[in-house]
């Protein structure tokens, strides 16, 4: 059974078919890239699946259950998490608190008013482990707003990861980061994802990153899936190269 | 030093001498000063409640006079209809009544954006204010309702003959005790996982949702707690004042709460407390000087926003960080 | 209910709607272009009322009958409010555009407090009246009722303002600039629009409308302390219904508020205010952005 399956999923904004009757499946344990030019529908697809916006028509199934109209909260409970293209963090909280919050929420402890957050050593220790995995433990006490762009992108993913999701959507995890920093970030992300057995869908524009890290690539164009296959298959797909890659490939 | 112990230990370190000073004060200064400070402590409790919403949840309410007033009128109704004079009954009544009203108003208010939230809260408190006039046979209209001095601790402490004496001794210590409890409870709440969730909502509503925190629900709970603290303050205030009138339901009173919270600095825990106490003295002094009291508040507020957005406590904190 | 009575009620509703449109329209215009809500907006309405009351009062002196030329003094209120707005925007609001929304609300709230007391300081705690101006136009007979002619003037002013504003926003080149800036400030700026100037102009126009509302209703109601906040809250009800940022919404909202209020007063005088808030609450539940609002 597929972990995630969308059937004829559609969303339009006015006359624009942002997502046009998309059938998209993801198997458990996969790490795949979602590519396409701007406006292809990648972020909208993620927004639909993660629950930020409701679809116009179509169906989304997660582990066999229909989650088309489920709330964000419910989807997170089921194990779907996401990071954001434009970094979304709790800027005034410390780096560590950003992660502990995700853990508290996952454990249902955010309902607790009369216990001190800092006194929960189990949660704190787990947060430190997560930060170490992401190379952010040195910045644990700094306010999230004060980090560099690369650190913020990593923290954004770390917060989603701390929810221990089954399916993780990463929306352009290396955008806005210098080329030098991209590989280390992707190394960390793929390492974390693999060791956690997490299924990951990564939206990316940087084709070097895509071809290096993702064994499966799904290419979107104008709301539909254009191609779906291995890096070699995608590279040799004429439509994809025409629409997205340019005629010269590495 | 572990992160767990640092904050509470630091707080206890300098709050102990402050508390000691507060306890000793009535024996050192004339009674009217103690009564004046009682008013300040009452406003400080209201400030704690108000800032749970502003500083920690990012919601600026212009209608908190509603809960203060509900707390006060609940006390007056308990005197008028239940014929009770126990302070404990007053506090319970104030908490229940303001909690109920906050729960009701909160259902409407917390779904909306900052601007709508602000004006909606103001409008709702104005509705209550106008109801206080309309139902004058219940509320005493513009004359208000008198409230006699209560008995404390289930009748153990009563006013002897001199009301001033009672207020500056027995009642003051009662208010101080409630204040300490209120500070402790609020301190735990804002440092709890729930408190962190509120701050997350303040910082990034979308991400909070995507971390599994149901934003409007948490905002509602914060709204109710905030209302209860403010209502508690209202209940404590009435015996000091001897009388409750519609004035405390009017938006100008909400404005004072906004003002002293911003004055002290809404980004720190104790800022609003200090702001409330300073404001109390400021108001007491200035009212003798000028009738254009609102203008003074307005000008200071404008100056604060333009020059000192962190408020007094916040700015002091920043200066300390810079000097370190 | 017979026709003449219905007409009277309709006129009353339109009267109220006229004034509400001027105030709420100004608020919506400012929000639509600049994305700010001025909590002191109601006080600009009050300021307009006070200035024109004062001007007319000076002209009247001790006379009990008003001469027709005195009506020309009414717009002074609107102009004064506009000038005040032109001063306030660059000094108090511009520094805060980059900061969190709370600060905007706080500073305009401070402004509200200041203006309340400025008006008390300048004109005293008692209401200013210019009822001579209200009576000088006489009255019409509608059926069995006598209806003040001045009320029709107010309705006319409201209608002309709505039409004029529509023409201004949709038919002039400045209106194009205004709409462009409101839709996409950065883009407009990149295309060479002086956004700062557009902002102060939009703000001034919004304040002019509020001041005009105060000036035009002043002969009937006088200028009284506290009218500003009452107006602000009612304007809020209008924009909740019609949507914040939409002039058409302000018009529709104002009409609905006028009609509901008139109906409310006629049948249930006790709960007039509550009916309006109830209406706003219902709309907020169903459609948080209002009927024509932008999110």
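The letters A, B and C name the chains in turn, as written, and every chain counts its residues from 1.
Simple rule for what comes next: a contact is a pair of C-beta atoms (placed from the backbone, for glycine too) under 8 Å apart; a residue touches a chain by one contact, two chains touch by 3 or more.
Bear in mind that the values here come from a model prediction, so they are computed numbers and not experimental data.
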Give the label of the chain whose average Cα location is farthest from that of chain A. C
By Cα-centroid distance to the whole-protein Cα centroid, the innermost chain is B
Starting from the mean Cα coordinates of chain B and chain C, work out the distance between those two points in Å. 34
Whole-Å distance, chain A centre to chain C centre, using C-alpha means? 48
From the mean C-alpha coordinate of chain A to that of chain B, what's the distance rounded to whole Å? 43
Given the complex with chain B, which residues does chain C contribute to the contact? 37, 39, 92, 95-96, 99, 101-103, 105-107, 109-118, 120-121, 229, 232-233, 236-237, 240, 244, 270, 273-274, 277, 280-281, 284-285, 288
Which of the residues in chain B end up touching chain A in this complex? 3-4, 7-8, 188-189, 191-197, 199-200, 202-204, 206-214, 218, 225
In their shared complex, chain B is touched by residues of chain A numbered 50, 52, 72-73, 76-77, 81-82, 84, 88-93, 97, 100-102, 104-106, 109-121, 124, 141, 159-160, 163
Residues of chain B touching chain C in the complex: 54, 58, 60, 62, 108, 111-112, 114-116, 118-120, 122-124, 126-127, 130, 134, 251, 255, 258, 262, 291-295, 297-302, 304-306, 309
